[in-house]
Amino acid sequence: MDLTFSEEETEFRDELRAWLDANHPGEEPAGDENAEFAWRVEWQQRLNEGGWAGVHWPVEYGGRGATLMQSAIFFEELGRSRSPLPGNGLGLLLAGPTIMAWGTDEQKDRYLNPILSAEEIWCQGFSEPEAGSDLASLKTMAVRDGDDWVINGQKVWTSAAQWSKWCMLVARTDSDAPKHKGLSYFLMDMEQEGVEVRPLKQMTGGTEFNELFIKDARISNDNLVGGEGNGWMVALTTLMNERSGLAFFLQVRTRQLLEDLFGYANESGKIHDPCVADKLAGFYTRAEVLRLTAYRGLTQIERYGQPGPEGALTKWMWSSLNQDVTQYAADLIGPEAITSDSHWSYELMRARGNTIEGGTSEILKNIVAERVLGLPRK
Amino acid sequence: MDLTFSEEETEFRDELRAWLDANHPGEEPAGDENAEFAWRVEWQQRLNEGGWAGVHWPVEYGGRGATLMQSAIFFEELGRSRSPLPGNGLGLLLAGPTIMAWGTDEQKDRYLNPILSAEEIWCQGFSEPEAGSDLASLKTMAVRDGDDWVINGQKVWTSAAQWSKWCMLVARTDSDAPKHKGLSYFLMDMEQEGVEVRPLKQMTGGTEFNELFIKDARISNDNLVGGEGNGWMVALTTLMNERSGLAFFLQVRTRQLLEDLFGYANESGKIHDPCVADKLAGFYTRAEVLRLTAYRGLTQIERYGQPGPEGALTKWMWSSLNQDVTQYAADLIGPEAITSDSHWSYELMRARGNTIEGGTSEILKNIVAERVLGLPRK
Amino acid sequence: MRFGFDDDQIEIQRTATALLEARSALDRVRENAEAGTDDNGLWTELCELGWPGIAISEDFGGQGFGLVELAILLEQAGRTLPAVPLLPTATAALAIQTAGSDEQKERWLPGLATGEISGAIGVAVNGRCEVAACAPTAAVAVLFDEEGGARLVDLADALVEPVDTIDPTRRYSSIEGPGVELPGDTDAAFDRAISAMSAELTGVASRATELAVAYVKDRKQFGTPVGAYQAVAHMCAGMLLGTESSRSASYHAAWAADADESKLSEAAAVAHIASVEGARDVTSACIQAHGGIGFTWEADPHWFYKRAQLDAQLLGGTSESRARLADSIADRVGAADEADED
Amino acid sequence: MRFGFDDDQIEIQRTATALLEARSALDRVRENAEAGTDDNGLWTELCELGWPGIAISEDFGGQGFGLVELAILLEQAGRTLPAVPLLPTATAALAIQTAGSDEQKERWLPGLATGEISGAIGVAVNGRCEVAACAPTAAVAVLFDEEGGARLVDLADALVEPVDTIDPTRRYSSIEGPGVELPGDTDAAFDRAISAMSAELTGVASRATELAVAYVKDRKQFGTPVGAYQAVAHMCAGMLLGTESSRSASYHAAWAADADESKLSEAAAVAHIASVEGARDVTSACIQAHGGIGFTWEADPHWFYKRAQLDAQLLGGTSESRARLADSIADRVGAADEADED
């Protein structure tokens, strides 16, 4: 057990910190989602120029070839420096690794570099209105037509779709095969008539997500990934990829909210109220346990090549902590925290999505019960 | 809406209070369960002499003919005066009302009076080791043999069995009938060879409950209640009876624990710790909400003849409150509270049973979801 | 100890429910929320029915009923979120009636009771209220302060600036300006205000529960209505628990205000705590029960969540009510060996 | 940032697990608990293996390992509840090693490290400890006080009276008597003691989770294993969450004690809070998951519940750890605009 970073890791971190200090993107442009996205794309370009965009990508694909641990450090430091995620996050975290794992050489040549440089933005077309947590019941159809596939259906929760050139699309290529066996994984060009993007407004007022209406869209068979009928398996790899790095970023963000809250309690003198101190210490304990458990998950993967129970628990821990911290922030700060121009009001509302997005807490608990504890299904 | 007691109710309460003041049973004899039970039987005899044993029983059967509200007041005052429940509680709350509702005239003549006077103690033989919350899967068999039924099987969680003359027994009289349709309700003489009572020690160290081993025990057909095959329906009446009065007694007991805790916090000065005050106020809020909701349930029954959503919620509220209060008591008082000679340590351990006995919290939530909210079953 | 309504109250409840469900359907709530408008037509109608003054004495143009009747209206308003200043107007009037001077009552109550003018309420720190429930047209505000006092502010003499909050179903403003003390029992006024608000919160929780239950009966996942999954079913059961807890406490507080002032202080604190916690938990669970849909602007759960969040702050946090409640009980337990409070 | 054990540690864990599962099976735990006895044979064996002194310097007859290795043993002891005074002896020794004078170390450590004598620990208020983890034969106690100090009490000179607690799986006593201050860093000693205890609690939670999972896989209701009901399944998932939270925090604290004293204070407080809350919640859930059976003496869950309750009080409540933690973080956040603590 060595809960410090190794020399190489410390060097990596120090180099990154120095780079982030010198290249910090500054304040987020307020209020305009297009401007905010453009800012995050620029940020990725700067990261890429510095060699920090594809940190976890192999060197041969233009990445830094970082270890799992370095990748975790990267996301922690990104969060700690209060920098945003790179604009093409889904490309870097999902599309790239999927193409590397399952793609043909042609696909790798064609797609990887523009992901890294954020020249081409990617979105993810998995969820559907009727399917929710139940990927196996996807209804979007892909029908073979010569060298193409013709796509019809509807997707939802596709973030960044309005800016995306490409979509990772899971569609049903065999409606007779049982459930998830008939699914295939495609790379769909978003710039075609058959694809309509409609922003999906959230309760925060923002439009982080979109709906995708797909009518007779066409995808060349060259853009099938991992072979016909393997969509489920290909998608699973990607989902795993999404979680691990992001978890460290999110964990740090919550920790920062909590530190901001400590700062507020200090300045306002409220920290001298024992109830406030007691509450904040309770949250800190949970934040620290979350951080440690996330690292334990990495150790497990490093040692045994596959995630242990820790991995299944961190999203659950984080989402519940983030909800509780943001609610308590509102209580502590008072009415000013729930006016529209307070960032706390955004954090409060946004947190309600945490126990839903990326697998609801109910689904996560099912997974823990069934896959980690081996409890029977009904 | 009138959240005072009516004049009659106030008179009833004042008379009862005066009587309890004058006739208080004093301190519970410590440590010896037989002595404690004898003390509670004596207490019932004294109650009976004062006309307070069968408060909710009709006058024609020797009761006081109290209204639902008076009955609630009776149990509240019993608790408030820190008097125990009468020794033959199951007779008064379950057996008596069941026999009144379903029994023949002969059964009423034979059994009711000795219940009231505590000459004959009653226990309840419903639960079985394999059945748990699932009454419909009871396995104890009753086979007709001339004028008798011959009983074989095993019961569990039968409190007071070691002192009981009679047992309310639910047994299967038709093993072909589906689930709960083949059950019948009997009055079984405990003083016979075929019935063996084994104490079932709890985690508290006490033996409130017993196991009942029944081997070729005999019950005369005269002691069948409500007719063959109606056991399920008869048992349900009884279960409803058990809950309503007891709920008020238990509610007050928890409230007293909480007031004791306020008293302790006052004397020790710990009440001046804002964290302590905050916690205690939170518990008080829950205790008050519980009391009010219990009374709302009574109003509902008085008005519409059947319980509303309030009734299904109070046991759940109470059990969780009682667990939280007793745990917090241990935290507040410190190690002294968890030594064997502290009554708090008993309360703490005993509270763990609250979310299990009389329907686990999980089953209660199912009931609320299905019967009150009308949610579908899987 | 009977919670049932009398015939008048049943009639009031029936009217309020029918009227508000018809006139403040959720698409109407959305329209007003998105446009940032009040529903002046509906407000005129409610004023004609005497709603803002239902708990105000007939001497001042009110209906002469009590807080129980106001609570019945506010519960339905919480269920339906009409874009009208009912809570602030009615509670401002109630506070003036409870703690105002004769002159203050004569000057303000007739206008508030008839709805000719509307009122505002909030909590002021150092004379400034950051977020009051206050329409831009409100004429008078009652601002409570942390020391237990309350000031009456003529809004013609004050700086009133609209504040956008996360809750667009009601108008909010900051208020700064000179005010005069309410000379009477401002604790009693505050207790009435939080009791009234707890009724609104009960309605909020109640509707959120209704929405969730309806949704999970209908919505299917893995081929089964999601309400058949125990995790979802138990979540809904918990929503009922939160709602009914809030309701019990809120009825009790309203009754105490009308019938037994000696019980009001504790009852109001209990109602404040139970209703704020209840409504926040229940409305959060409502979003969760709806899954991804629940997080969208197009779904309705967020209106109720947001109102619950604003009410939770409007008259101070529950931690103050907790501290006050603990003091009161500790005094009582300290004073008497035997707790015979009923 | 790697939580994996090295080869020595893996070997220690393997030995401890195998030995304790064999020698402290649950029927053996029950036997000793019901008889109120210690398992002297097993204690001798563990002493021969050097367990009580595993974290004590070789200079004083110990094994010269650290708190991580002790935590590995204690976690297994928490899983199996052997009737031996391992926690009090090892932590008393650790405290003396950390904060004792040279004389105190020389006098007491060799005996404690070899198990020749056994130790006791607890918290004293006004010089008296109501409930120490202390076998009747213990020779020396370390009693922490609320002011952050610690006294060493030679039990030959003290009044030691056995105390029955709800936890019969270990011996407890009250201790009153003259003691001498530990002159060194008593905060560091206390932090090591609560870190060690958190390892025991991790084991307690871990076993309670194992018991519950095994039971609900097996037990049927309404024709289905109860573990297939989502309410039960999610309860078990929550138990895993509590256990792993405790484990993460406990490992971190043990590591900090051995490798980075600057992180120990916060890490120990976090471990104390996470392990006490984790173990109490998990052991309560274990009883609930067993249904009626879980409430009986004949079932095993209560042993773990009771140990969790006693450990929760043994070294003071978690509210003190919370207050301490909040102070420390507030200072740190106050001192630095930028939090760069790692």
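As written, the chain order gives the labels A, B, C and D, with residue 1 at the start of each chain.
Here is the rule we use: a contact is a pair of C-beta atoms (placed from the backbone, for glycine too) under 8 Å apart; a residue touches a chain by one contact, two chains touch by 3 or more.
Computed from a prediction, not measured in an experiment: that's the story for all the values here.
*Asks:* Could you give the fewest steps needed to travel from subunit C to subunit D through chains in contact?
*Replies:* 1
*Asks:* Taking CA centroids for every chain, report which one is farthest away from subunit B.
*Replies:* Centroid comparison gives A as the farthest chain from subunit B.
*Asks:* Between B-D and B-C, which chain pair is linked by the larger number of C-beta contacts?
*Replies:* B-C
*Asks:* Rounded to the nearest whole Å, what is the centre-to-centre distance of subunit A and subunit C, using the mean of the C-alpha atoms as each centre?
*Replies:* Centres of subunit A and subunit C (C-alpha means) sit 39 Å apart.
*Asks:* Report, in whole Å, the distance between the mean C-alpha point of subunit A and the mean C-alpha point of subunit B.
*Replies:* Centre-to-centre distance between subunit A and subunit B: 53 Å.
*Asks:* Any chance you could list the residues of subunit A touching two or more other chains?
*Replies:* 274-275, 278, 362, 365, 378
*Asks:* Of all residues in subunit D, which are in touch with two or more distinct other chains?
*Replies:* Each of 229-231, 234, 319 in subunit D touches at least two other chains.
*Asks:* Any idea which subunit A residues touch subunit C in the complex?
*Replies:* 127, 132-134, 137, 156-157, 200-203, 205, 275, 323, 327, 330-331, 334-336, 338-341, 345, 348-349, 352-353, 355-357, 360-362, 365
*Asks:* In the complex, go through subunit C and note every residue touching subunit D.
*Replies:* For this pair, the touching residues of subunit C are 229-231, 234.
*Asks:* Please give the residue numbers of subunit D that touch subunit A in the complex, ascending.
*Replies:* So the residues of subunit D touching subunit A come out as 1-6, 9, 68, 213, 216-217, 224-225, 227-230, 233-234, 236-238, 240-241, 244-245, 247-249, 251-252, 254-256, 259-260, 266, 269-270, 273-274, 319, 321-323, 325-327, 329-330, 333-334, 339-340.
*Asks:* Would you mind writing out the residues of subunit A in touch with subunit B in their complex?
*Replies:* 273-275, 278, 378
*Asks:* Given the complex with subunit A, which residues does subunit C contribute to the contact?
*Replies:* 123, 130-131, 163-167, 221-223, 229, 231-232, 280, 284, 287-288, 291-292, 294-299, 301-302, 305-306, 309-310, 312-314, 317, 319
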